[in-house]
Each structure stands twice: as structure tokens, then as C-alpha cells.
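Given below, in the form of C-alpha cells, are the structures.
Heads up, the next two complexes both have subunit A, just with different partners, subunit B and then subunit C.
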Partner chain A sequence: MENLVLSKEKLPEMLTEIASKYALFGPIEENGVTSFKHISNSQEINLDYLRSRISPKDLIFQQTETLFTFSKGKEVKVNTPQIDEAKRVIFGIRSCDARGYSILDPVFEGKREGDYKDPFYTKKRNRSTLIGLSCNKPEVNCFCTSFDDSPASMKNVDILFTDIGEKYFIDIVTEKGKELIENLGNLFSKASEEDGEVRERVEQDAINAITRHMNTEGVVEKLEKMFNHELWQKTAMRCIGCGICTYLCPTCHCFDMQDEATLKEGARIRVWDSCMYPEYTMHASGHNPRPARMNRVRNRVYHKFSYFPKNDKIFACTGCGRCIDYCPVNIDIIDVIAKVKEAKI
Partner chain B sequence: MNNKERKNHQYKAHSAEILDLKDLSYDTRYFKVKFVDPNIQEKLGEYKPGQFAIFSIPGVGEAPFSISSTPTRQSFLEFGIRKVGSITEALYKLKIGDKFDIRGPYGNGFEMDKMKDHDLIIVSGGLGAVPLRSLLLYACDKREDFKNVYFLNGARTPEDMLFREDFMAMHQREMLETHLTVDEDPKGDWPYHIGVVTKLFEKIADRVNNKNTYAIMCGPPIMYKFVIKELLKLKIPKEKIFMTLERRMKCGQGHCGHCAIGGVYTCLDGPVFTYWDIERLKELI
Partner chain C sequence: MVDLKNLIEITKKIVSREDVRYVVGYKKGTYGFQIMPAFAYTPEDAEDFIYSPVCSKNLAVYTILEEKLPLKRGEEEDKRKIGVVVKGCDSRAIVQIIQEKGLKREDLVLIGIPCKGVIEPKKIEKMFPNQTDLIDVIENDNSEYIINIGGKTHKVPKNELLSDVCKSCEFPNPPLYDVLLGEEVEITEIEEFSKIDELDEKHTEDKWEYWKRHFERCIRCYACREACPLCYCKECMADTLNPQWIRRSVNLSENAAWNIMRAYHLAGRCVSCGECERVCPVNIPLMELNKKIERDVKKMFDYTSGLDEEEKPLFGMFKPDDPEDFIL
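Up next is the complex of A and B:
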């Protein structure tokens, strides 16, 4: 399909149009922190953001999800909720975060015959249309290009918007994206050859602005031989086990299930959990197969750079750089992988 | 569970009624239950020995438990439950006739068809007797499918020994050859062996046919290392040594991450693993 452009003035109109037909989600700034929320009014949206503090994975894999509610009388009554089936549009997602969804898909959608599918995730995922927004000015710790991706990548979105000055250049990537654009009427005009050139230049400039790089070549094989290397103990010496890396990560997907209840009623809730906490693997008997912080730090790196690529042929890292920016003790995953590469075995 | 149900599972548990309760020891209780809906009972009766179910008590939470009964007797399910946490505490408050919810069965279970026409060496330690009882009862009910069945069972003290009468009854009916041992006998009235479970291998070693034997074990983490040594001494091939592992679990469906050992999930790929599989896994115990 041919490419389109949208003049920036018309963006609010487009968003209002989308919001009237779909549940619209986008980046909103509240108290200086940008995150993805449901939008009712296009004025709220903040497109100056670079990277939301919390990744938009929580739009699909919610931080807390009510699995069912119950009332307790003589007999316990369980009520299974209707899963939200509204068609959604996620506007302004960055390529790294869109890639995060693609990494989560095999976990929740099941990859083998007979695997369990998670209806909460799959329904929201299948009903979401992703409108990506290219990063013109990447953050200092961005490294998406290390995963064969780009700040203006079309790989994991349905539509991609790129800011080319007075207007947005629009790449329509999938059928789903095409359907959405067709639904929005005559807001768009044809992109000129020059618009296309500007878009390419913007992408190239953004790629050039990415200074950090993770070299993952041979890392899966190297990690095979490094399970007992001193690197894990050394890295763990610094870690305080706060778990922020896992909460902000667009590919971390562990959850706990807990009951919230009064004497009369309550709900079973699924809530994000983190493998950085000792209780995560603790048996009721008190035995813990991952007893020390070293085991947990190592597990995080292995899950993303060994187990995941071995099972699903993809690194469970998108290069978003959040875990680097927000680690309170400056543990830097690029640095850890560089040390893996250098390590003598 | 068929594939369609797996696609839309939503953690749905089914109501089950307690038919019988019995204390197996000072801290472990026997639960005999039946699903209220007869269709569910029939469907869930198709589990395999070694699989587990997740109990749900709304307001308290969920926990996984090994199934201790055999699918060859389909009208009920049995469990052996040790009181160690909040969910088991809530279970201990229930009486005969009370109801709670169960979902499952989950996990791979033992490959009983593969074991056909073989000798079985079944080694249990402590609470390991609960899941292995399923396999033992299965082997007794289909006795002609298996050759010699040796059962080596260890516990800390005579009071910790679970299902002792069940096992000795099977022994007396010559369904299987049972050897029981305890680490300590404080009262001094234990009629069987005293010592760790690996000592019992002396009783059967000269009769083991390593060309035609499967070994199956379940017990506390420390037991595995020593039992494996004995089995390898008997030259049982690594892929014919089965063991069932325990992990903290939440979803039972390979999503929540808790039970992962390296790249495998205990709830989907296990809890039954062969020693050949396990040798490649790290942080096993």
C-alpha cells in the first residue's frame, strides 16, 4: 500500500476519531512520569516522551488482573469475569516495546500443540492495533539496533508514524493497520517522494545517534560454559535485589496469584512477580532452589540470553535500556554481556 | 484436558467434596475427594500417575498437590497433604462433606506404557510416598503388565512413615516386594530396617536385571544424589531412571515462571524427568 502523511494539526482529530471507534491507549504524562493509559481526550497525550518509564506491556499483560471474584457464604460462589473484548488501538508505542509483545507472545499464546493459551493476554493482544512512533532522538542507553531492530522499525507494529517535521510519515505495515486507516476517513494525504526521503534520513540519523551496542554474537554458546563463573557472584555483590529491572522490563512476564478477600467476598488476582526476590522460588518446606542473590542475578541473565533464545529463538531483550537507567546500583546489562564475552573459561 | 480446554482455561477450578479424611502421621493427612459434577469426575479420572492437581480455597489461595490415587480406580481422587503453609492449614480445617475447588490434572506424569513388561525399582523418601503410591497402586491393578516390582521406602522415624499398612498389604498379597526403613527408631519397636534408604539396595541388588528395569524415585532433595549413585552402580541406564521434582508453582500452565529450572517448566515438561534430562539442568536441587 502506498505511504501516507498526516499533518500534525490533524493529529487531535485523528485521535478523537480513533477514540470514538476504539478503546484508545497512548502515552500520558502524570507527575512528570510518562506511561501508557486509556485516553479519552487527545489533549492529554504526550508525544514528546522518548521512553515511558513503565513499558506498555501492562496494557496487554496487566500488572494486576482479576481472574475471578467470589462470595463466601454457606457455599463459596465463584464468578468468572468477562474479559474486556473492546477493540483497542495503542498509539505512540516505540519499536522496542512493540518488540516486547512479540517476545511475550510465545509465552502466553503457547508455542507447541497442547500448550495452554492465556485468554487474558491473547484476547487483548489480538484485539489491539499498534501504531508505532519512531524515535527521532534515542535515549543515551538505547540499544535496539543490537537486536537487528531500528528506532523506526516496522517489524512489530501495524502502522508506523515517523515525525518528519510538519507532518507524520505513515508506513502501513499490516492488513490490520490498513483496515484502521481506511476506517478513519480523509485525514491523510499521499506521501511525496521527498517525504519518503526525509523519513529515511530521520531513521538513519536516529540509528547514528545510538551509541551503545550489545554484542550478542556467541553469547548463548558462551553462557553454556559459564554457569559457575565468578562473574555472577561479582555482579550479585552489587545487586540489592530491588527487582526494578524486572518490573520495567518489556519482556519479563512472571506473575504471582493472590487472593484479596474480606470475610464475605474477594477476588483471585494475578500480579506481576519478580525472580529477583527469594520468596519467588521458596518451597513451603523452607527449601529454596535459588537461595542466594547470585543465583537470582544469574537466572535473570540466563533467562534472557540463554533459555529464551534456546526455546524461542529470540533474545528476551529489546534494547530499551530501562534496566540500565533505573538500576539503583548501576548494574548495566550491556556491560554484563560484554563481560560474558570477555570471560576466560 | 484437551487442547480446546487448554485454550480457554482461565484458571477454572471445579468443586470437589471430601469423602474421607485420615491422619497419616502427626503432620500429614489423607484426603479422599470426589468432584461434585460426575462429568468432571469422569474426565479428570483420566490422569496419569505422577500428575498433580491445584487446590483452590477462595480467600486463601492455591497450591499444587501430587495425586496419590490411581486412574485405574476412577470414582475418587486421593491426596496426602502435609501441613506446612496457609493453604494446607485451611485444608486441615475442612471436615468430611465439606467442599473446595480443584483444577488440573497438570504435568506430564509417568510414562506407564514405556514401563510395561519391565521390572520396576521404586524408591521413596518421606513425602515422596504420596505421588509414588499412585504408581504403585497402578502397577498392582495392572500387575500382569509389569515383571518384578521392588519398593524401597524410607522415612525419618516410624511415625513419619506414610501409608505403611497399604504398602505392607500389597507386600503380603505378593503384589510387590516392599522394604521399609527409618533413619531413627526412638521408641525401639520398629520391626523393619534402620538406616538410610540406600542401604535397602543390598536387599535387591543381586536380583536386578539392568537390561530390563525402570527406576522411579521421589523424596527430599538430599536423597536423589545418593539413590542415583546406587542406581548407576546397578548399571540402570540414565534414561530409564525417572524422578519427580518439586518446585514452587502458581499457574500450572507454563506462564508464571515460578517453577522454571533453566529453560524447562516443572509444571509442563515435568514434574517427572529422567536422569538423562536432569543431568543437563542446573540449579536442580
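Up next is the complex of A and C:
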């Protein structure tokens, strides 16, 4: 498809235009924490961020989702809530987080036979158009290139914006993206050959700026033989069992379901769960399949680097580096996988 | 300055004792300014131990974190002691747990470190972002940190990187220890934790607006609880299902309930190590809650937590002249 450019001055106009036609979501900073929120005014958006603290996973797979509500009494009424039907545009998503959605898809979209298709996830996902924003300055723990991806990857977005100085270079990737651009009128101009060269250079510079790498070659096979390795106990000794790694992760997707009620009414809700918590998958009998922290730390690594690739042919890690950045005790997934590679079995 | 050789020698001696299982200390992390908790089971393991101004973690948490799994038939519980490297606040946390009968003094060997304050990781990572290589930080006698990055030496005034809680710390020396590394630190100047006064002067509505903004961001990862050495309930009130004190829904109401209940459960117990705020991934200023309660407890009951293992915990004692004008 033809490439376009947008002068930076026209960005607010474009965002206002999008916000008037779609539900617009983008990165907002509050008290030093960037997360993706609904945007009504283009001024709120903060593009001066590297990676949002909270991944935009929560726009599609919400932390708290009401599945249905019910009333109390003899004649119980069950109401299914309206799922947000508005067409959405998620602006400013990074390639790693867009890849996160692609990893969540096989879990919620029920493409394999017999799998459940989750209406809450799929409706929001299908109605979202992703406008990616290339990373120009990756952070210390960014390692998306280790998963054959790039800070300016077009693989999982509909449109990709790349900051090339005075303007944004625009790659229109999908039909959905094309439709959106056509809907926005005359804000864009044609990209010159030089613009394209700058875009390539920006991408290459960003790739070169990535200093940390994970070598995943043979990890799936190696993990098959390492279930009882001492590495898990050693790593788990320092784990304090908080949920930071799982809640900031763009691909962690375990959830719990609960009934929450007041005197008159109640709701069945779905909330994020974390395999780091002792009550995770605890049986009603009191039996806990992962009784020790070691079992839980191991489960997180295996889920991402063994079970998921075996089931869906993709590692459940995007290289965003959030779990490394914010782990209070420096459990560093790059280091863990390096230790897996080195381990003697 | 803590003499590293001395730290390693002492750790080796302790870990060699037959009645000690392991010693918890610090070692270098995987990148930049990171350090990580280290467990020495053998004298060789102790070779990795370090101590520097970036060692902010409160290791006292590891005395209460270990999960005791059901023993297999014929297996006996390992009742040997655990060694821990403790700064002033870490030691106070242990004293507090001993007061509450959560730990026994004889189960611990404490390597005390007179603490000159620790660097706030968020501050140093902001000043020197994106460091892949491991960096050493040393404190000189001039209240400066010497930071060597890629052959270039940076001198940073201590006050710019020091943790806010350390600036108002009254107890840098461990009140309880078996070995003390180096001379006790003299307390020179203490800054008041000024944010509380600012908040105190606000109207109730404005206070609520302030906390509302912060609690709305909470993602309920419970890192504050897990990093806290004094959050050691076998079953946290946030996890109980029957009755369910706090619902699992993540919204302002439940988040506020969680954060406020946790703050109250630490009344007269918090030792101001600042770990909860340090680990919070969404920058909730939790120490403002804890410090406010700490100050009220001091004013009303003239009580400071974690100083004397023989003393009774604040809520475990009653004095006839305790104030009661706040009781409705």
C-alpha cells in the first residue's frame, strides 16, 4: 500500500478527528505512570514515553469484567451486560504490546476445535484498530528483537507511525488500517523516497540500540528435561510472591471468577489472577497443585517458554521487559532463560 | 563503609556453623544498579556477598516468607537458624516480629550493618537511565556517591539520591544483632517527613481527592504486602473468601479498602523501611499513610515500634492513661 506522512503539527487534529468518530485510546501519564486510557481530548495524550507501565492488554482483556448481574429473591433475574460495541482506535501502541494481543488471540478467540470463544475479548479485539508507534529509543530491558520482531514492526498493527523528525511516516498495513485512514480526510501527504529512507534508518538505529538479548533456541526442548532442576528452587528463594510480573505482562492471561453481591443484587465478575499467588488454582478440597513458591515460579516460566509454544507455536513473551524492570528482587527472565540454556542436565 | 572482606568472612563463619541453614544477604544483580537477595548455604556462596548504598531491600522479609510444606513420611523439619544481613530498619522489623511472637530470637543470627541510608532505585535509574553493565556505587566521607560508568566517574550529592524515608530515619543502627559490621553511625540531622504536614493542612475533601487519584491506579498486585516484613499473616484479610472483607474487583472502592486496611494493620508496627512504596509499580505514596500513622501513634501513645524485643506490641498492651478522646 502507498506510504503517507503526517506533519507533527497535524497530529492533534488527527486525534480529534479520530475521537469524534471512534472511541480513542492512547497513552496517558499520571504521577509518572503511563497507561492506556480513553481519550476525549488530544491534549491528554503523552507520546513522550518509551513503554507504558501498564500494558494495553487491559483495554481488551480488562482486569475486572462483569460477566452478568443477578437479583436476589425468589424470582432471580439474570442480566447480561451490553458489551461495548463502539469501534475503537488504540493509538500509540508499541510493537511488543501489539504482539501481546496476537499471543492472547489463540486463548480467547476459540480458533481450535472445542475451544470457547470469549465474547468480551473478541468483540473488543475485532472492533479495535491498532495504530502502532515505533520505538525510537528502546529501554535497557527491551528485547523484542529476540523474538524475530522489531521496534518498528508492522506484524501486529493495522497502521504504523514512525517518528522521523518533523513528521510521522505512516505504513498502512491492513485493510482495516486503510479504511481508517480514508475516513480521516485530507490530513496526510504522500511519503517521499527520502522519508522512506529515514524511516528505515530510524528502525535500524532502534534495533542497534537494543543491548540485551535472549537466546531461545532449543529452550522448549531443554525445559522438557528440566522440570526437577534446582534452578527453580534457587530462583524461587528470592521471589517474594507478588503479582507485578504477571499483572504488568502483556501476555499473562490467567483469571479468576467470583460472585460479588450486596443485599439486593450481585454480579459474577472475572478478574485477573496471578500464578504467583498461593491461592492460584487452589482446589476446594484444600489441595494446592502448586504448594510452594518454587512450583509457581517454575509455572510462570514454563507457561511462557514451554506450554504455550507447544500448544500455539509461539513464545508467550514479547520482550517488553516490564517484568525485569519492576521485579522487586531482580528475577530477570533474560537471565533465567540464559541459566536454562547453561544448565547441566 | 562496610568492609566487604569482613562481611564475607563473618558470613562464611556463620554459614559454617552446624546450627545454621543459610544466610541471606545481597549480591550483584543482572544489570545496571540492580542488586538481588542472595542465599549462602556454603562458605563458597558467601563469596558473592556485597554491601553498598544500593542495597535497599529489607531482607527481614525472608525470615517470614519461607513456605513450610507438609513433611513427607519420615522427614524431619529443619529447625536450624537462618542468618540475615540487617540494616537499622530491617533489624527493627525483626524486633517487631519477635515482640509479636512471629519469630523466635534463637532461630536467627543477625549480621548488623550500621546504615548511612540507601539510594532510592527509582531516583538513580532516572539520573542514569538505561545502564546495561553492572555499576558499583560507593559513598565517600563527603556525603557524596561515587558512581563509575564506562570509565567516567560521577560524584552525586547524597541528598539527591537518598531514599526519602532514610532522610527522616532516627534509627540507622540495628537495635538487635549478633555481629555488628563497623562502627555505629552517628545521627546528625533528621528531616521531618514533610509531606504529612502538607496533607494534614488540607480539607478532608481534598485529602480524599488526593488519595482517590492514587488508589484508582492500584492494580492490586500486593507487592506492598509481599515486600513488607510485617505483613506475615498466614491468611491475609485480602485473600479470605468467607467473609470476603475486600472484593476482588479492582475499582476505587475496593482498592481504597485494601490500602487503608493495610495501613491500619501496620499501625504501631511499621518500621519505616519504605519497601512498600519502593516496590509499588504504580507509584502510590504509601509511606505518607504509614508515616502519618507512625506520627499519630508516637503522639498519642509515645510508642515507637521495633526497638526492644522484650516490650509488648502497641495493641497488645493497655495503660490506664491511654488517650481515649478519639473513641466515639
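Definition applied: the second predicted complex is superposed on the first by the 345 of 345 C-alpha atoms of A that agree within 3 Å, B and C clash if a C-alpha of one lies under 4 Å from a C-alpha of the other, contacts with A are read in each partner's own complex, and residues count from 1 in each chain.
Criterion: a residue touches a chain if its C-beta (ideal position, glycine included) is under 8 Å from a C-beta of that chain, and two chains touch if they have at least 3 such contacts.
Quick caveat, the model's predicted, so the values are computed rather than measured.
In the three-chain model built by superposing on subunit A, subunit B fits alongside subunit C with no clash. Superposition on the shared chain A places subunit B and subunit C such that, viewed from the Cα centre of subunit A, they span 90 degrees in steps of 10. In the superposed model, A:G266 lies in contact with subunit B only, and not with subunit C. After overlaying the two complexes on the shared chain, residue contacts for A:L187 are found with neither subunit B nor subunit C. Within the superposed three-chain model, A:D256 lies in touch with subunit B and with subunit C [touch as defined at top]. In the superposition on chain A, A:P289 makes contact with subunit B only, while subunit C stays out of contact range.
By the touch criterion stated above, A:F227 is placed in contact with subunit B alone, subunit C being left untouched. Looking at the shared chain after the overlay, A:Y247 reaches subunit C, while subunit B stays out of its contact range. In the superposition on chain A, A:I334 makes contact with subunit C only, not with subunit B. Fitting both structures onto chain A leaves subunit B and subunit C with a minimum C-alpha separation of 7 Å. Common to the subunit B and subunit C interfaces on subunit A are residues 256, 258. Against subunit A, the residues of subunit C that register as touching in their complex are 29-32, 34-39, 57, 61-62, 65, 67, 69-70, 129-132, 213-214, 217, 219-223, 225-227, 239, 244, 247-251, 275, 278-279, 281-283. On the subunit A side of its complex with subunit C, the touching residues are 30-33, 35, 53-54, 63-64, 139-141, 211-212, 234, 237-238, 240-244, 246-248, 256, 258, 260, 269, 271-272, 274, 277-279, 291-293, 324, 326, 328-332, 334-335. Contact residues on subunit A toward subunit B in their complex (touch as defined above): 67-68, 70, 72, 75-76, 78, 80, 107-108, 110, 113-120, 227, 253-259, 261, 266, 268, 273, 275, 280-285, 287, 289-290, 295, 299, 302-303, 306-308, 310-311. By the touch criterion stated above, subunit B contacts subunit A in their complex at residues 3, 6-13, 56, 58-63, 84-85, 88, 99, 101, 221, 246-248, 250-251, 253-258, 260-263, 268, 282-285.
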